[in-house]
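Each of the next two complexes has chain A plus one more chain, namely chain B in the first and chain C in the second.
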Partner chain A sequence: MTAPSRTVTGRQASAGEADLVGHLMRRAAFGARAEELEALAMRGYEAVVDDLVNPERLPPLAEDVIERFHSDQADDESTAWTATRWIYHCINSSRPLEHKMALFWHGLFATAVSKVTNNPMMRDQFAMLRDNGLGNFRTILQKLARDPAMIYWLDQQQNHSAAVNENWGRELLELFSMGRGNYTEDDVKAAARAFTGWTIDQTFPRYPSGYYDARFIYRPEDHDESEKEFLGRRGNFNGDDIIDIILEQPATARYLALHLSKFFVADEPENAQVEALARILVDTGYDIRASMRALFLSEHFKGARFKRVKCPAEHVIGTIRIAGRYSEPWEPGIDMLEDVMTRMGQQPLNPPTVEGWHPGREWIDSAFLIERVNFAAGILGDPAAPGVVAMARRIASGRKKIEARRLVEAVLYEMGSLSLPDAAKQQILENLELVGDVSCAPAAGFAEVVARVSRTIATSPEFQLE
Partner chain B sequence: MTGIAERRTAPPLSDAIPAPRAPVQPGYPTLFRRGHQFEIALGQRLALGGFKGPMDVAFGPDGWLYVMNRYPNDGHLAGVRWVQVNVQDDGYEFEVVPKDPPGKPGSTGREWLSGLQMTVCDSEGVLYSADEYRHMVVRCRVTGETIGHWGDPGTRPGQLNGPTGMCLDADENLWIVNTLNHRVDHYTRDGQWLGGFGKFGSAPGELNLPWGVAVDPINGTIVVADWRNDRVQRFSTAGKHLQTIGRPGHGVGELHRPAGVAVDSHGDIYVADRGNNRVLSFNYRGMFVESFIGDAVINERGMKKVLTNLDMVRMRDNIENLDREKRLKSPGSVRVDNKGRVYIVDTGRYRIQVYRKWCKVLGDDEVDPPTLHVDPVLT
Partner chain C sequence: MAANKTNGTSGQRSASGKPPVLVVLQLSGGNDFMSTVVPYGDPHYYDFRKTVGIKEADVLRVDGRIGFHPALKTLKSMYDQGQVAIIQGIGYPNPDRSHFRSMDIWHTAEPSKIVADGWLGKAIHDLDPQKQNVCTGVSFGQGLPRAMYFSGTPVISVAHLESYGLLTTLSGREQRAALNAFTRMYAPEEFGEASLVLGHIGQTGRDAMTGADMLKVAPQKYQSSVEYASDTLAQSLRGIAQVHLSGVGTRVFYAQHGGYDVHGSQIQTQPKLLGQVSRAVNDFFADLRDHDAAENVVMLIFSEFGRRVRDNGNGTDHGSGGGAFLLGERVRGGLYAEYPSLAPERQSSGDLAYNNDFRVLYSTILEQWMGLDAVPIVNGTFEQFDGLLKPAAA
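So, the complex of A and B:
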């Protein structure tokens, strides 16, 4: 990676510091341009991590203004709108890890509106994941077990003492906490019986006045009070007892550590790194905030640059952040981004199954790749995009011309301290027929040149990674 | 101690807002108030000719109510339509979808309108709507015939930047809230700028993303919903700040993100207190009078829809508290007609809730001078 040619003010952050903070911001947030990275790097990597894992230190982004300028969404009927609100936060919030954690938990506890068919319930679940995402895993599971969308998604309202439905009990063990091979069918049945009576109240049908949220209720008369045997323990367990026992299992820490590692570290994480994170989870009593802090400060994490394929949400939001679009809530068009992600295979709030999305190289099939490339090239190829204008202004600052190869390196840096092999850089120069010196004068169309370079970078295979 | 003295020294209710104590103004009548009574709920969610994204209503000279619907841009129904509704019985006639806008022969309103906010209808049956995304005012007849649009986007005086609230004055000129310029501007119906006032801020007379606007029919003053300052302000037509109504909050008489505003023929002010899911009314002196939280029960059209699906009937039979269905959700606008009706655009619930004002205007010979009052009148 080429060192930054200059910083805006003050102490110059080293190339390594900007690189590392760039890596952190791509994983713990949704990326940042060099201008922001330099300011962060000046504070030091550890301080940046501390701010990310303690979002309450910074004020939340006001939501009233985005609501105001999309006042036609007042019916709260559309999950696309719930997703759009989240996207707006991901783009603009100073507390990005909250929103990244919500995406992680949403992928792990995959719940889809295709079955729930009630946006207020989906909205409330997503808000719960955001608000508790850095809390304790025990609390998260307890809230999840009481979440109306999850209850409906896994038929928990049909789980009666006289007629047990095992769906929630099974997925709690298999997909949400321990993973296959660590429990028996009898454990599934015992868990399901322990959650009998955990249900929701009846909500309104869609007509004539739209959706209403539902509320968790516990019906003691429908709870199985008999003794159960679960994971070697015996007793008259209720739902929270089941969660407590699950958290005592070593498999639970390994399972959660594996998923956190795949989402935040690498598509194929190293066993040693997963085991280390599992130990931290246990040692901290499943404190997610402390565990994420330790993860981001670990050498495993720091050394895992560009070892993940960006999921569509990361790709779309990261590209938008580079382009500097939708910083104002009244800018029309933000409500189309959810559809863009859907075409790339990731419709927020509507994962394909309870297993969630399959990450890694599965994001890159031929159809999805075309969508990804076309979207990024279109957004970053706009010379009027505020981010492109800002990049051009910074590169041109203090110089009248720049050598073509240096220009490519400068644009890579400005896009968030990105990296390309030398051969790829050479290919960009040849494709754009850039040779010798390039004038930095606005009148000579320098912003257009920067847009062409950034657009071409966006079409590279490396741009699909983070 | 006499009863009167006791009442005079009683502490104010803890949740009552301090009365602004504006002096009595000439022109406003003395009212004997009986309050408002719920009359009818118009419309339902888009089915059997219902609403989707209802933003505002306009009164046509033909006696019909025109409900402006702004569809969320979900890729299928993007666009705008007006629905003609009979106020008496929720009767539904037809949609007004503008066709053939200038320069785009053959296209329809769904393709060229996007961000319409508020709408008014003049005495000639022309609907005017502010497009907050395209920074212009669009015009069409109630018959659906497109007339055109005007507006110069920008931040200079007379230019439009996110126009939203809109009303007609006695001369049928338009007052338009220029939201992103934090101004209120005055135009002829064909777009000639006549003046305006306002600047960004939170001090008295300043505005922060204002939304609705209304003209007081008694004295022509301009009443503006100051959305992000959580208040309503009254101005002279020259822009002089005259009065602040309401204060931020969620309690009695307090406002949170007010949207539409209206003034009736008695000078009473109605505010769509959108963030609190209610409408508040104040008298001309700025004193809180009444709160509307919604009283709609399922109407004939809604019942027909529900009865087509027995699952929905069974669901409703298991709902413990039907009261939730009555309540307002994010009311975006409020308008009053000349018959004492208050129309609340219940945007989040696809309907218009209509109330009728019950009061008696007292003549001079029915009101004793203040010196003769035997009950305490706090002035």
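So, the complex of A and C:
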């Protein structure tokens, strides 16, 4: 960990730090233009990290603000609406990390409306992950084990003392905490038995009456009270005992560290970095807030720029933030973004399987890539987009013209301190026929040039990474 | 995947040597099979279908027991020409009445666990394991259905053929310049050994570009006297005809038609949808015949489930056990498997009891039509229908 630089005096001096904050904001938030990065960098990297990991320092957006302007779509039974509301918060919240953590946990504890078919349950699980996502991992697992959507998703309501259903017990070990190879089939059975009697109470039958709320209940009469042997320990364990024992296992820290690293650091993280994070998780008693703070301040993290393929949510929301769209709740069209992500292979609240989405290079297939390129080019190629106008205004500030090569550099910087190889920059110049000096006036004409440059940057292979 | 039969080497070929092509049409929302192929001769039919039942006089009779819905007139005449097989009593074990889950099961051919890969995606991989033709699989509609997905296998997903491609929001000189920039940024020499992932993005970008270029010519080359209707399904099938006729070598097509979830207003909705299917399918095959390109095309029509035996007074609720159709010149038309009895004691919790696993039909199509090893694709060995597909005419 390095001491944060607090000697930021002016724009020139802050460029390096803005670059680093740009990396942080792409990972811990959903990206930001240079204008915002410079303001953040003035406060120093560490202070920015502290604000991100302590979202309660800043007020949340009113939960219903967007609902008032989209009454046609604001349907509580619609998963698309829950996703749209989340997207709006990702774009505009001053507490972006809680929304990003929700996406991380949602991917790890992948629960899909495809089977749950009940949006109130999905909405509540997603809100639980947001509200507890920076809390303690023990608390998160305890709440997950009591979450109605999860219970239904993994058939836990069919896990009876007389007839054990192992689905939840198995996935808890395999996918949510330890990973394969660290427990036996007998451990799976013991875990499942310990969770017998953990079920949901449905106000009405699910089918065909409709989609009613469910709540967690514990039925002691359906709990297997006999002795269990789990991961070498013996006792009349109940569900929370299983979670406690899981958290004593070194495999759990490594598993969680690996997934946090893949999501926040690199598609293929270095072993040393994963091990370091695993130690931090253990040392902090699985305090996610403290662990994320340490991660963002680590040299491993700072050095891992553009080592991840953006997931569709990051690609879509990040592009929207550069373009400055949907910053007002009344702007129409935000409900289309959920569908855009779906076409890129990531339907929020509907991951394909309990394994979640496969990150990294699997986000790029030819159908998905066409969607990604066309979407980003369409959004950033609009010279009237507020973000494009703002970028053009800042570049034009204090000058009448700008040399073409410097213009491309300036647009890359304004888009959030991005970079491209020299050959790609050359291709942008040639294809847009930009030579010599480009006039910065009139403003509308210059915004068109900036839109063409940012659009071409958005079609590059490098723009798929963050 | 072990594919000991690939690229149609032991599958069907038409007399002209053209490789077999499969078109899959998905009716989304759970089509009420009992109102599609109507068991009007079953003594219980009119008891259970007081509201949505089709009058005996309106049924387009196949035999003394069943007949087509009156909206399926053209499909019925294809049936009379022996080109439509009705696959009755189709379903899978432990029916799931969730649209999503049930559709997932049909897409992945895996009823017992949730998996990511689609049966057609796997077939496309086996048809073209070297990924020589990015257009081997083409899907029409919004988004790629799971059925067509297989990790690492390129598949084209087209919403509208006319606007399909990269940077389609641009036009003219500006679009050409942007595409030129794209081509150069994604060229192989741009990526060193240093970044495998950028290399992959580059390759995928080039595949996307190739696919878009190949498909771009399809509407331009196409001429037809067939006037398709304007609905989405008709336009999708027209697009499929255009791609098929352009000769890019697509082997698996996918199209979707939605709106079948008729809990209410079934009497208004379903005839309209079935009429669209009937006309679009007939126009499609007529179009192919006009171009002497019908013989190597077989079409599968399916839905994720049927509906409950007893109607609810306005429509029908989610059920299980339905039917599917296989169409084409090389299909031996007629009835396959059995129409499930409507007798209360033979129903399965108020649904038609399936007697015919959908993977039987999948396996038959994969092996006897596409010439692929079905076992790894449908995750098991299933019986197959005999004689469902006719050998090529000599």
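Note that in this section the second predicted complex is superposed on the first by the 440 of 466 C-alpha atoms of A that agree within 3 Å, B and C clash if a C-alpha of one lies under 4 Å from a C-alpha of the other, contacts with A are read in each partner's own complex, and residues count from 1 in each chain.
Convention: a residue touches a chain if its C-beta (ideal position, glycine included) is under 8 Å from a C-beta of that chain, and two chains touch if they have at least 3 such contacts.
Note that the structure is predicted; figures quoted are calculated from it, not measured.
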{"item": "Partner chain(s) touched by A:Asp64 [first = chain B, second = chain C, both, neither]", "value": "first"}
{"item": "First (chain B), second (chain C), both or neither touched by A:Ser114", "value": "second"}
{"item": "Touching partner for A:Asp339 - first (chain B), second (chain C), both, neither", "value": "both"}
{"item": "Partner chain(s) touched by A:Asn238 [first = chain B, second = chain C, both, neither]", "value": "neither"}
{"item": "Partner chain(s) touched by A:Ser417 [first = chain B, second = chain C, both, neither]", "value": "neither"}
{"item": "Which of chain B and chain C A:Gln427 touches, first, second, both or neither", "value": "second"}
{"item": "Partner chain(s) touched by A:Leu369 [first = chain B, second = chain C, both, neither]", "value": "second"}
{"item": "Chain B or chain C, by number of chain A residues touched", "value": "C"}
{"item": "Overlap of the chain B and chain C footprints on chain A, listed as residue numbers", "value": "207-208, 339"}
{"item": "Residue ranges of chain B touching chain A (in the complex, touch as defined)", "value": "44-45, 47, 50, 52-53, 55, 70-75, 114-115, 117, 132-133, 162, 180, 209, 211, 227-228, 257, 259, 275, 296, 298-299, 301-303, 305-306, 309, 311-312, 315-316, 318-320, 324-325, 329-330, 332, 347-351"}
{"item": "Chain B-facing residues of chain A, complex", "value": "64-65, 68-76, 78, 80-81, 201-210, 212, 330, 332, 335-336, 339"}
{"item": "Sites on chain A touched by chain C in the complex", "value": "112-115, 117, 207-208, 267, 309, 339, 342-343, 345, 350, 352-355, 358, 360-362, 364-367, 369-370, 373-374, 377-378, 381, 421, 423-424, 427-428, 430-433, 455-456, 459-462, 464-465"}
{"item": "Contact set on chain C toward chain A in their complex", "value": "97-101, 104, 114-116, 134, 139, 142-144, 146, 151-157, 165-170, 177-178, 180-182, 184-186, 190-191, 196-198, 200-202, 204-205, 207-208, 211-212, 317-318"}
